[in-house]
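First the structure, then my questions, so here it is.
Order of writing sets the labels: A, B, C and D. Residues in every chain begin at 1.
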Amino acid sequence: MIFKRYESEGLAHYSYLIADEGQAAVIDPRRDIDVYLQDAAHDQAYICRVFETHRNEDYLIGSCEIEEATGAEVFHADKQWDYRYGTPAEDGQAWMIGRLKIRAIHTPGHTPGSMCYLMHDPNGNPWVLFSGDALFSGDAGRVDLLGEERLEEMARLLYDSIFNKILPLGDSIILCPAHGAGSVCGSKIMERTWTTIGMERMYNPVCQVESEQAFIDLHAQMLERPPYFRKMEVLNLEGPPVVGRLPILSPLSPEDFGKLMPQAQIVDTRDQVSFGGVHIPGSLSMWDHVLPGFAGWFLDYDRPILFVCDPENAEDIVRIMFRIGFDKLAGYLREGILSWVVSGKPIEKLSLVTAIELCESMKTDGDQFLLDVRAEEEFKGGGLKHAKHIHLTEILENLELIPKDKSVFPLCRSGNRSMLAASILQREGLENMKLLTGGLSAWQASDCDFEL
Amino acid sequence: MIFKRYESEGLAHYSYLIADEGQAAVIDPRRDIDVYLQDAAHDQAYICRVFETHRNEDYLIGSCEIEEATGAEVFHADKQWDYRYGTPAEDGQAWMIGRLKIRAIHTPGHTPGSMCYLMHDPNGNPWVLFSGDALFSGDAGRVDLLGEERLEEMARLLYDSIFNKILPLGDSIILCPAHGAGSVCGSKIMERTWTTIGMERMYNPVCQVESEQAFIDLHAQMLERPPYFRKMEVLNLEGPPVVGRLPILSPLSPEDFGKLMPQAQIVDTRDQVSFGGVHIPGSLSMWDHVLPGFAGWFLDYDRPILFVCDPENAEDIVRIMFRIGFDKLAGYLREGILSWVVSGKPIEKLSLVTAIELCESMKTDGDQFLLDVRAEEEFKGGGLKHAKHIHLTEILENLELIPKDKSVFPLCRSGNRSMLAASILQREGLENMKLLTGGLSAWQASDCDFEL
Amino acid sequence: MIFKRYESEGLAHYSYLIADEGQAAVIDPRRDIDVYLQDAAHDQAYICRVFETHRNEDYLIGSCEIEEATGAEVFHADKQWDYRYGTPAEDGQAWMIGRLKIRAIHTPGHTPGSMCYLMHDPNGNPWVLFSGDALFSGDAGRVDLLGEERLEEMARLLYDSIFNKILPLGDSIILCPAHGAGSVCGSKIMERTWTTIGMERMYNPVCQVESEQAFIDLHAQMLERPPYFRKMEVLNLEGPPVVGRLPILSPLSPEDFGKLMPQAQIVDTRDQVSFGGVHIPGSLSMWDHVLPGFAGWFLDYDRPILFVCDPENAEDIVRIMFRIGFDKLAGYLREGILSWVVSGKPIEKLSLVTAIELCESMKTDGDQFLLDVRAEEEFKGGGLKHAKHIHLTEILENLELIPKDKSVFPLCRSGNRSMLAASILQREGLENMKLLTGGLSAWQASDCDFEL
Amino acid sequence: MIFKRYESEGLAHYSYLIADEGQAAVIDPRRDIDVYLQDAAHDQAYICRVFETHRNEDYLIGSCEIEEATGAEVFHADKQWDYRYGTPAEDGQAWMIGRLKIRAIHTPGHTPGSMCYLMHDPNGNPWVLFSGDALFSGDAGRVDLLGEERLEEMARLLYDSIFNKILPLGDSIILCPAHGAGSVCGSKIMERTWTTIGMERMYNPVCQVESEQAFIDLHAQMLERPPYFRKMEVLNLEGPPVVGRLPILSPLSPEDFGKLMPQAQIVDTRDQVSFGGVHIPGSLSMWDHVLPGFAGWFLDYDRPILFVCDPENAEDIVRIMFRIGFDKLAGYLREGILSWVVSGKPIEKLSLVTAIELCESMKTDGDQFLLDVRAEEEFKGGGLKHAKHIHLTEILENLELIPKDKSVFPLCRSGNRSMLAASILQREGLENMKLLTGGLSAWQASDCDFEL
């Protein structure tokens, strides 16, 4: 028997493989499906069904890829929408995977047709709930995807789904949501990596509300919506293109890389320290740990992408981009940034300063422009006193707010987002930037006496 | 963060690795510790603590091996016994692994000092109970290890541990026992591979009892006790020898194998069909899937062991034997049984018959001796009408009950144990044996009209 | 830099990957190309060229698969034939792979357009000759593929290629042929796994001849030609179908397996001992070590194939079949033969006898029909005195030569081919067969006094 | 059969595993022996012999580790020295590994007792020469290890070994030396990764000499000798300590790392760009690609070593250090330099300048101190006009030659060694340093008009 979770890092997306007596099923597969195929084969099982909990908006679903590989039958939720593949699952519909019964439960709220799937143990007792984006560990699914006008409606639906359908299943049920901490699909998801309905009932803030209205007040919020969501939504209805083999990212010499630059977007996945040290003019800083979260915000699907990265990460980068549908991957710099500097090609730098250095310069000079690029909640939670807040994702529309005659210090919690902001600004022609390395965390850890 | 389970196949032993913020701990490690080291390293964590739930009797503990490799501090339960390593854990004692609090709960019954360890989530809420051999999925730990005279006493202790210490922790706690289905430490363990306290409260028979006495009536039983338990118990107090590198099983030519045979025990891990086809005279049939369960019953620690196996399984076999302390591994037959037959060396066979063939011969002849070698419970649950029951583990003491002048048909459920029985009897000189291939399962599946 | 050889086991096919400074090329790729892609990526190289030494007849070429994956340019030999892909290589044409110069040398004989490719070291000195099927270690390529009427013509061409083009390159050149020992493309290939032109000049029998005529006398022979060669030749001109992902072999329950049997061919890849013990009626015995060599002889491309195998070998079996173009793979028996016997389904057996048993029965009885199924050369080299010779591949056409009223003993060197012969005969209805386990090797190793 | 080469990267050390018919041998094993054990096991072979070509000076030999693991017999060369393990090989002594004959040939010169081992193919023909440090691809072993007074004597011995013992074996023999390009044991080794005696006879400069005297004139040179050679020589006579399991490098929080710093040496294995961006005060820059070559020059065996590295490289770093006997490995910074900067701890930087920037500043200012740290041959081969030459390994003894009142620009070919030099100088208190990123290669590639 298999009951296994897969985390797509960066997206914090969870998918699940179950298998029993030679049959297997995947819940919410990602697009690179090799792990499911391998694990199922190892257990001498074939994947005969795929269950989608909802039309996903933050990654491309792997259902069609699996269907092509194994002939599996695909069941999707949101039957009211116009899918070009698969079959809609009905509320109450049930299937057997070996001895394991799976039953669909309609739990609208995140989307109108969202489904949970309840798995029973080999003895037939309710056991595991695959809850999709209805209920997470410490949070619930966002209800703003259909727009502000339907926000309250969706929140009411979700309230009903959670309180009248999910929680009544009982404290002892193991809860398996579609996302973990770090997902854009739930900003307050906890790091309780495995959970139960009972733990959510007791500790999840959205389950503590006294009334439907209190739930709406707490949870019915318009959240950030990365522009790539639109593309995911469209492709997840059409069925993403089936490819079979993961694309290959071509290694490029500095010469070949340079030739492709005029038409391309350049993404540098090295860390803030390396990027600050030296980078290629015009490149964006997206550290590989945060690439999955930012690619969909700042990259254009229609232009080729060039990467500067640790060459050992090339395959991981392809996977990340493949999962969110970026197919125009032009290549990466062979032997990394060193080959570039050795070839004498043009470079740029971004000065890194420590908290103490920033602090000193603020004391003696005062002519800094502190630019806090964190999310609004973070900014409200405290920061440097005179900082101006422009969220990272809104910088391009607010360039005019940033002075060209001052030293600009982009700020964030640990320095990664501020380096991305700085790289965007540098590409737009801004000079005189300095980066607080380690971000506000470093500031707090230092003994700077300047008022935070 | 890591929260991961490891199954030692065949033993159905579960161990667990947890890690957070660079620190890691293992609960009930097995002796081949490479998996823990690798996974901890991958998470950039070092193993700083080992927690034992009790003095294990069915495998060798890896605590000393980890201590040697990482300098981890070892905590054991059963402090009343004379350990030569580590430190006793105290009831209520707590530790931090990163942000995860671990608290020891004294839950005697399986052994006098058995401990459970309750892990809290990063927010400090009770989360996961490592329950050792106190409570399994569908069963509870055996209470007969201290002998019949203390059977009831231990059962009372376990009743108290389960009903007054474990179940009160609440339905929503994830329950992580030390064994899964197939272990000799609990014959009724269910295949609900992950469970919660609530599911056990509702579905575990030992939790359904009305009173302490009912629990004792149900659960206070003397069970089979493989002879190797004694060795495990001794070594798990002394601390098993630390080796660092897993032993290597030498490939042997038929000539070299033959030279070592006079002093050695020969174990053939191929399946019943292959073993029946051809095997080396004197060898015991222990299919590799059941080897971990039978090695400790039928093999002698003091004599070297030779293996006939699929050569690709050689490392797995070393692991299996290493986990239960067999260190005198003399080698395996290079290129398997084929090299033996090609070299023209002596062989033996054991005839395989189908249910229909057996059925026919019983109708026409009647002079068969049907020898059912299953466990007593299985035998009572139904079998062939005229079969004589001698449990597999008691055959050697009951040789005189088996007639030499009849066709002997050892029987079991699927044919593996009966082939082991046949190989033992053949080694003891019995002839005229035939094997019902596929065992009673095959009989039931066929349309034999002879009364079962 | 990469200079690496890949062996396709069973076929004894060698392919080569070379890479330098980010560029890579493959010589004679097999159809499952993942190894080349992975190794090239690991070296930060992309495969920009594929070189074929000739139109292969014993496996499907992976050129089109690579072209699809990386956009590589494909160069083939035998430009006189009508390829549907790639570009013909010209004699003397040269390419650079990083600093490594590759030069084509026309060496006809095996096929009319066969090419060798001479690789120079980074300093420009001649270094390695990829010799395709022109010259092997200990043998030369077969010259009979265009039929008997062109046999001598092709042999003369090959003589010229070897003596006037290859050997003059000098003793110090490393020689990299397309096959190693065990290939059907050269029956005398030696186990000198790496060789040089000098070693072949000195030790290869085909290089020892005094004259062209002596070469023809020695080497111009019509050899066995498995029927699947025809299919390979056709597909290697058309370009084999491109698939991307390796097919998946479905695990089947005994019930599902049974349902598919009427339309299917059944191949059992277990060893002779297991197959003799128990097998499914109608199945052919092709031990997995010899499967690549026999599948093309005895299996039909148009009917689905079912496998009985060690489940851990399922992926290897897919690879083997995929390499020679068998795409109708219906599945394999989940959990192997044991699931079949446990389910009580019909089985058959084939008796295994030892040399001593056979010898005794020959002395006392004499009514055996000894059927030697080895190749003619082997048979001429010695065997059992009264054996009748019918080559394994000719048994089906010679069924009438095999008596139905005698005990038939198929014989070969080690027992694998004779078991295949026995399984064919059993499928055709012959009874009364017995197998000399270990074959004539076992006979020779025993002290049987009956005259060999 | 196995005939496989293993490269220890960075050291450019080659070792070899051979196996036939269940027996295996290793030539010049490295200390981390897991690869040999795994590959031998996979071929169903056990390692029964180890052959050393000479007492190695640049890495620790794995002979004792293998002896402990498999009971192999160890043969060493240099029998005149006082080994504490193994048995001396005698000139002409021969062994069989399956069908492969190995014969020892005394080839003094690199050391007095150096041995080559000639392997014959399965037919008994001379096939492969394991030449140790006698003859490389494009170079010969150094003859200066016994000191200047014996330089000529050793060179004469080596001349005799090469010309009278090795070359006469014939052009067609495959030559397998103990080192490839990049080794400190031969500065001119070519990138012809596989070679033959014939190719060396024709293309190796040391084989082109007209006379013994010409050989001496060309080759009898005192070369650089890293200080760790002495330790290797001693341990390779005593037998390096046997450990079984590779040590584990502990991940350390910034706090724990900081606590260990006062007693420790800090090595930063990130690239020049990252190191320049931010590093920990007092740390030495040794990029992981060059770590094996520099660790033995600049690190002290008696003080613990702390690493700043890509955490994914931690195991590789342990391997590198283990191979050259550094056992006091205190740990590495968990989550790398980012955790350090986020924690607000003190950092340092080293400015990176481009060739154009340097060029401009030289034109306008002229007050730069250009410090060329390359080897003397490289320096003589061309560089920046006004540069002062101090070899990297002699900087510490020549600190007084470096002005404190000028901008100091350490220079090397590509920027790695100059960054190491800069980090040493920074640790010694020098300020005002700037690094030409990409080194002289970048200079040459740019259009700087300042005279090179």
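Keep this in mind: a residue touches a chain if its C-beta (ideal position, glycine included) is under 8 Å from a C-beta of that chain, and two chains touch if they have at least 3 such contacts.
Note that the coordinates shown come from a computational prediction; the quantities given were computed from them, not determined experimentally.
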item: Same-site or different-site touching of subunit A by its copy subunit B, using the half cut; value: same
item: A-D against A-C, pair bridged by the larger set of C-beta contacts; value: A-D
item: Distance between chain centroids, defined by C-alpha means - subunit A, subunit D (Å); value: 43
item: Length of the line joining the C-alpha centres of subunit A and subunit C, rounded to whole Å; value: 49
item: Contacts with 2+ other chains: residues of subunit C; value: none
item: List of subunit D residues in touch with subunit B within their complex; value: 21-22, 37, 41, 44-46, 69-70, 243-245, 248, 250-253, 311, 314-315, 334-335
item: Interfacial residue positions of subunit D with respect to subunit A in the complex; value: 270-278, 310, 312, 336-338, 340-347, 349, 352, 354-355, 414-415, 437-439, 441-446
item: Of all residues in subunit C, those that touch subunit D in their complex; value: 1, 3, 121-123, 125, 127-128, 170-174, 190-194, 196-199, 201-203
